[in-house]
Amino acid sequence: MTSATLAQIRAASPLIHCITNYVTVNDVANVLLAIGARPIMADDPEEVEEITALCAGLCLNIGTLNARTIPSMIAAGKRARALGHPVVLDPVGAGASRLRTATALRILDEVRPTLIRGNISEVRTLAVGTGTTKGVDANAADAVTEENLAAAADLLHAFAARAEAIVAVTGAIDLVTDGRDCYAIRNGRAEMGQVTGTGCQLSALLAAALAAAPADPLAAVSETVVLMGVAGEIAWAQMGEHDGNATYRTRIIDAIYRMNAEDLNARMNITKL
Amino acid sequence: MTSATLAQIRAASPLIHCITNYVTVNDVANVLLAIGARPIMADDPEEVEEITALCAGLCLNIGTLNARTIPSMIAAGKRARALGHPVVLDPVGAGASRLRTATALRILDEVRPTLIRGNISEVRTLAVGTGTTKGVDANAADAVTEENLAAAADLLHAFAARAEAIVAVTGAIDLVTDGRDCYAIRNGRAEMGQVTGTGCQLSALLAAALAAAPADPLAAVSETVVLMGVAGEIAWAQMGEHDGNATYRTRIIDAIYRMNAEDLNARMNITKL
Amino acid sequence: MTSATLAQIRAASPLIHCITNYVTVNDVANVLLAIGARPIMADDPEEVEEITALCAGLCLNIGTLNARTIPSMIAAGKRARALGHPVVLDPVGAGASRLRTATALRILDEVRPTLIRGNISEVRTLAVGTGTTKGVDANAADAVTEENLAAAADLLHAFAARAEAIVAVTGAIDLVTDGRDCYAIRNGRAEMGQVTGTGCQLSALLAAALAAAPADPLAAVSETVVLMGVAGEIAWAQMGEHDGNATYRTRIIDAIYRMNAEDLNARMNITKL
C-alpha cells in the first residue's frame, strides 16, 4: 500500500462538519486545516441539517454531549447519510456513563455511520452493548497486544460486519476493518496519549479522508490512521530537552501540515491480517 | 497614518466581554492579553447584562451560536450600546444557514453594532440580505481582488452608511470603511487562513481598540487590522522548516505580544481609496 | 518541606472529573496529563453523577457557568463528597455578577468543597458574601502585598475555618490555609497572568493532588501551588526574544511535564506564617 489519500484530501479540500466536544475542538479545526481540509463547527438543532448539507462529510464526537447536542447529532447524521456523505462516529467515553453508551448506540442504530473510530474499550462497549470504560482512555485490561491481536480482530471484524461500517480502533496497535479485510497498524507513539484529543483529531481527519477518497474507503481510513501515527513519530523526533506534551501537541499538527508522501510511505507499518 | 492605537490599548487595558464560539475562544482570550487588554467570557442570559456593564467593549461572534446564546447576544448588545460601549459583530458563517443569517441581521437591527468584521461572503450576505457562504471561509468567487476592488469598496461603503457602522472586511486585501472614507490594507499572509480563528481574534482586538481609542474609531479599526496583518507577517518570518499551522498560531499571538510601533509603522501598507 | 505530592500524583494517576469553562478547558486537560493525572470533562446533568463516581476527584470551575451546568455542578459535587472524593471549587469571576456570586456561595453551602482556589477578589467575595470583582482578574486594590499580608492571612484563616475547607489564594504572593496553619508562597511570575487559565489549570492540578495525596491535604495543596509557580519560573527561563504569552502558555505545561523533585525543592519558596 502506498498512500494516495493525503493527495486526494489536499486536492478536494473537503468541508467537514464537526459536532464535537469543546475540550479538543480547536485542535480538531486546526488539524483539518493542516491536512488541507476545511472545518465548520455547528451544533444547534435549528441549523445542523442545513450546515451538513453544505459539507462533504460529518464527524460526530460525543466527548461533551448534552441534551441539546444529542438531537443535533442524530438530525445531522441522518441528513448527511441521506445525502450520501460519510459520517464518522467517535464514541468518546462510551461505557463510562449510560448516557454515552445509549447515545452512541442510538447513533449507530439511527444514523448508521460510515465509520466508527474509538479506543478498544469504547468500541468493545458498542460491540457487546455494555461496557467497562474507565474515563476516556482505554482500560489497560482491554488493550490490544500482540498476544490478543487475533481475538480483538475477530471481535471488530464481526462488529463491523454487523454494523455495516468500517471500524477503526486505535491504541498501541491500531486495527481497521470493514468486516471483510482487517489491517493492523504499528505506527505512532505511546506519548500521543499524553496529548488530549489526538483521537478526536484522527476522527475528524477520517471524515475528510472518506469525503475526499470515496472509491476505496478501507484504504482511505487505513492510510489516514497511518498518517496520524507517522505524524506522532515525526513530531516526537523534533522534541527538545525542555519540551513536553504541550509542545508535542503543536508538533503533531505541524507534522500533518508538513507531511509528504515519501515520509508517509517510508514509515508506514501496516499488515493485512 | 502612524499607529497610535496599540499604545492606547496598552495604556487603557480595556476589559472586553466576549460572547464567542468555543472553537477559538482560548486564542481570543490570549490575543486580548497579548495586546494588553483583558478578556471576560460570559454567555448566560442571566448574567450577560451585568458582565457587559463592567466592561469597556463587547464582541459578539456567532461562530457556534445556539438557542441559549442568541438572546444573550441581543441582551448584552443592547445593554452595551445603552452604556455607550463599542460593540463588534463577527457574523461567522452568515449565509451558511438561515439561523446564522437571521441572527446576524437581527443583531444588526436590534443592537446596531459599532463595527461589523467578517469575510467578504459574510458581509455581502448582510449587505444584500441573502447569501451564498460556503462554510466559514469566503467563497473564492467573492474574493476581493485588485480587479474588483472598487466595486467591493462601493458595496461596503453603501452598507456601512446604511448600517451606520464601520465595516471591516478581511481577506487578501482588507477593506475598512465608515460609509464616508474607505481604506484598503495589504498586510498579512494567505497562510493566516490555515490557522482557525485569526478572524475571531481580530474581531476581539477591534473591540479593544474601539474601547481604548474612541476619538477616531475609523483610525482605531484600520490600525488594528494592519496590526493583525503585520503580526501574521512577523510570525511567518519566524517559522522553521518543521513548523506548520499550529506553530504559526502560537507565533501570531506572540508577535502581537511583542509588537512595537516601529515594526508596525515600517510594515504598514494602507491606502485611502 | 520537600515535595512528595508530585511523585504521588504520578504514581496514582488519578482520574479527575472537570466541570469547567470552555475558555481554558483544553489547557486544563493537557496540564492534568502533564502532571501524570487523567482528565474527563462531562457536564450534562444526566451523566455527571455517574462520571464523578468513576473518578478520584472533582474540579468545579464556574468560568462560563450556565443554567444547564449549574445543576450539574451541584449534583456532581454532592455525589463526589458522598463518595469521599475531594472537590475543588474555582469561583471564577465571583463578585462580577450576581449569578457567579450566588452560584459559588450555593456550591459552598450545598457541596462543602474540600478546597477553594481563586484570586483574592473572588475569595474575598465569598468570605464576606458580597464583592467587587472586576472581571476575572483580582482588583489591584485587593492584591495581597507584603504590607497587607497579615490581614489577608487573617481573613482567609477565618474563612477556611468557617467553610471547613482549605483556601488557596493565588497572586503575587500565594496564601494557603486550612483554618489552622497558613503558608505564604513566593513562587511564580507576574507574566503568568498574561496567559489565560493558569488559575484554572492550578485548580485542576489541586484536585489531582488531593486525590493522590489524601494523608496531608494542606501539604498536598501547598506543594502543588509551589509546583505551578515553579513551572512558571522554569518556563519563563526558556523564553526566546520573539516569544510571547502564547509560547509561554505552552512552556508552562511543558515545564510541568518535565518537572522533577530536585528543581521543585531547589526553587520552592514557602514560609509558614
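Letters A, B and C mark the chains as written, and numbering starts fresh at 1 in each.
Keep in mind that, in the parts below, a residue touches a chain if its C-beta (ideal position, glycine included) is under 8 Å from a C-beta of that chain, and two chains touch if they have at least 3 such contacts.
Each chain and its UniProt protein: A, B, C = Hydroxyethylthiazole kinase.
The shown structure was predicted, so the numbers you read here are calculated from the model rather than taken from an experiment.
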Turning angle required so that subunit B (Hydroxyethylthiazole kinase) lies on subunit C (Hydroxyethylthiazole kinase), C-alpha fit (0 to 180°, nearest 5): 120
Same vs different contact residues, subunit A (Hydroxyethylthiazole kinase) with subunit B (Hydroxyethylthiazole kinase), by half of numbers used: different
Chain centre separation (subunit A (Hydroxyethylthiazole kinase), subunit B (Hydroxyethylthiazole kinase); CA means) in Å: 33
Numbers and ranges of subunit B (Hydroxyethylthiazole kinase) residues touching at least 2 other chains: 22, 26, 68, 249-250
Subunit A (Hydroxyethylthiazole kinase)-touching residues of subunit B (Hydroxyethylthiazole kinase), taken from the complex the two chains share: 21-24, 26-27, 63-68, 93, 96-100, 134-137, 194-197, 242-247, 249-250
List of subunit C (Hydroxyethylthiazole kinase) residues in touch with subunit A (Hydroxyethylthiazole kinase) within their complex: 15, 22, 25-26, 29-30, 33-34, 38-47, 50-51, 54-55, 68, 238, 249-258
